[in-house]
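Notes to accompany the following structure.
By written order: A, B and C. Residues from 1 in each chain.
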């Protein structure tokens, strides 16, 4: 017995030794080499959510070009949109944030509040000449933390052939939208499509209807908000809009449109290149309808801002800031706007752009008045946004009337 | 292990101790692994649930202690109780479907026939597909207007319009249960089939000699002997099902109008969409407690069944 | 063939039909993968003009990720079995005091949601330098496999007749030796089952792969597909082709292991 125990015990210890070694080796294998050993900075890292293959490549090139001008190479990485902020939070806790960070504009204030970002004025960068909406989205407590080269918003896209065939004019008011959508509906095809998803994307698409009618995220249980929600409910009830809008993302809405399954849709100009690639699709774009003529159309401002996270190396931060400034110079603004059918965020560049690309003039105009989602509530916006999409879902499923749904939304927004 | 047969008492005691230590050494690596990879996260999550853990905490590390506030706000929301009910319905529905269909398939494949083994192993295929992809495929298939499921039902003249699989509040819950059953059948079949294989063939022969029909031999031979395995499948099923997250997120995202929001998806959304990590952690801990309570009940019942 | 060939082949027919229903979503994926690039909304029941462009794209973009998945999954199998075999042996045959508590503890681990584990691990991995490493992902992936493998192996090892082990002990073999040369060969089927299931757990893991990797250096195919979903909204065929390709090695493994699969596992796994 004794003789049997001893050698096996020794062997077990030996075995553990091996396991420990293997683990240690595995740990060492994973070291991240960013090469930031003081001195001269040769490379910086950049993180965004441009995962689309072509988009990723194009941004990679632009970042490299700007990096070259700033004397560094840029390691560019993209993660899917939904996982960007969680990723950034994890990186913030482990102090492994990238040197240059892209954020969707309504997220910027949240991240700036944590202290993880540096104000841009310390690198001599300011937001003079930028459209008001994007400047306010990039500002937290009076300091500019993020700048977007280009901005965008949503509009009404329509299938020219279908409208012509049904003899329908492009709707300008909600009533016209109701009748147009009904007349455009056929078996296997709907008149209208929106994204009413239970995400912030769904909220984003509802905002132009809410705001243009005088609704406000500070008070969601207003009659104006109920009228806007009633419009969407009517479209679904009458069968002019699929009930599946409850699950559609903006990408799904686009897929429906190019497949000819909907005659009109709410979407953004960044889809234009894909639509142009689709054969036999003759599309047009117009401002979104308002409840009655004379109301001013208010749309939410879209666009991604770039920021410089705080890290231990001042030199890296400066290098990143130089790349950021380069991305936001007029030439790059113009180039990016043309590439993605968006609008330069400096007003002067935008008007030059409108002259050069007349088809984008409508967007240039609507973006000028576009409102930042965080403009009123700041870091409290996510709660209101949650309330809005919850109300849209509850009303479209018929669980609640628009009024009930919005009262509930107001409770969510105020956190009571 | 009949130690102690050695003469010297002192040496024998030491040998016994050494033997006991060496026995535990077999268990040690696995125990260390499990306590590191489960114990640490659970402790961290519990701590987090007593703190005001916000977006800012990630950078500054400052998370003030707030006592039970996260629990009281989490539990006082209507949405919590609705999510709890949905969790119960989802779990019960999934389990019933997975178990009954899994058992039926296991019994079917238990009869030997040509290609049976091949077909049985191909049955595991749904498990191999990335859930993001199979979930997306199900979303297309269940689409009200263009989905193949409604199209098939229409072609068979079973219905004229479409079933709102993903857009009706009660239909959506049925749909996520359906998809989860589909994902879970392979596991249930595999384990139950293994249990069936363990039942000695001579028992069936004896039952046959006693004139028992198929139903009777299932009742008197198969079921009693399969019960322990069935118990394991069911308790693991509950434990795995209450925490299902990705299937629901991909297929319905918890909607429409929160109709498929379970405790797991709610905890996820509180933490990662609304960045209320404290409340998310509190909700997650309630979830762990629920499934822990269930596991305890099972163990108690199992022990009682064996003792009697 | 007890029932005679006619009934046997009838069963085969029924089996094929059942499998057809179960695997219809898989067929739908294959169908989608063979459609020309574009949206899936216009797809018919059959790929009338099969287009293999999706597969070419998938192989080009995802080939490396498939290899990564394979390495991680195989590594997980090795680690899982390495941890689970001695533990299962101890729990099954070494009359430990507190074995019941250990078993209960193992069951308790299964109640912890993956997201809780993943979140905590991120912080710990950052400090340990395990982010973006094969080792780190293998360690994390084996958390699903180890408890399951311990239960399966323990249940099986309990059923090995005690006389065989006693005989080896009398011959002077140490415990490790008994485990290695007596118990393991007898547990071959249970080992294959436990190994296969831990392979499947690791192969289908998405959460750990997504949260514990911040760069592209270790990217399994599940994350590859997820990023593809965002990257190719107009190329569903490539996304689906990747999914089909991702299931091929695993399916081959299933068929190869089918003879051993689940033969005699779980008899009273928690008793």
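Rule of thumb we're sticking to: a residue touches a chain if its C-beta (ideal position, glycine included) is under 8 Å from a C-beta of that chain, and two chains touch if they have at least 3 such contacts.
Only a predicted model underlies this, so the values are computations on that prediction, with no experimental measurement involved.
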Number of hops, chain A to chain C, where each hop joins two touching chains: 1
Most distant chain from chain C by Cα centroid: A
Chain centre separation in whole Å, for chain B relative to chain A (CA means): 35
Cα-centroid distance, chain B relative to chain C, in whole angstrom: 16
Chain A residues counted as touching two or more neighbouring chains: 5, 8, 12, 19, 90, 93, 261
Chain B residues counted as touching two or more neighbouring chains: 22, 26, 29, 146
Multi-partner residues of chain C (at least 2 other chains): 40-41, 82, 123, 139, 175, 226, 229
In the complex, chain C residues that touch chain B: 1-3, 7-9, 11-12, 14-16, 18-19, 22-23, 25-26, 28-29, 32, 40-41, 45, 82-84, 86-87, 89-91, 94-96, 102, 104-117, 119-121, 123-124, 139-140, 142-143, 146-147, 150-151, 175, 179, 193, 200, 203-204, 206-207, 221-222, 225-226, 229, 239-240, 242-243, 246-247, 250-251, 254-255, 257-259, 261-271
Parts of chain C lying in touch with chain A, wherever the complex brings them together: 39-42, 61, 82, 122-123, 126-136, 138-139, 169, 172-177, 210-211, 214-218, 226-227, 229-234
Residue ranges of chain B in contact with chain A within the complex: 3, 5-6, 11, 15, 18-19, 21-22, 25-26, 28-29, 55-61, 139, 143-146, 164, 166-169, 252-259, 272-275
Residues of chain A touching chain C in the complex: 3-5, 7-8, 11-12, 19, 22-23, 25-32, 49, 51-53, 56, 77, 79-81, 83, 87, 90-91, 93-94, 96, 251, 254-256, 258-259, 261, 274, 277
Touch list for chain B against partner chain C, complex: 1, 22-24, 26-27, 29-31, 33-34, 37-38, 40-42, 44-45, 105, 108-109, 111-134, 136-138, 140-141, 146, 148, 182, 185, 190-191, 193-195, 197-198, 228-229, 231-232, 235-236, 239-240, 243, 245-246, 264, 267-268, 271, 281, 284, 287-288, 291-292, 295, 299, 302, 306
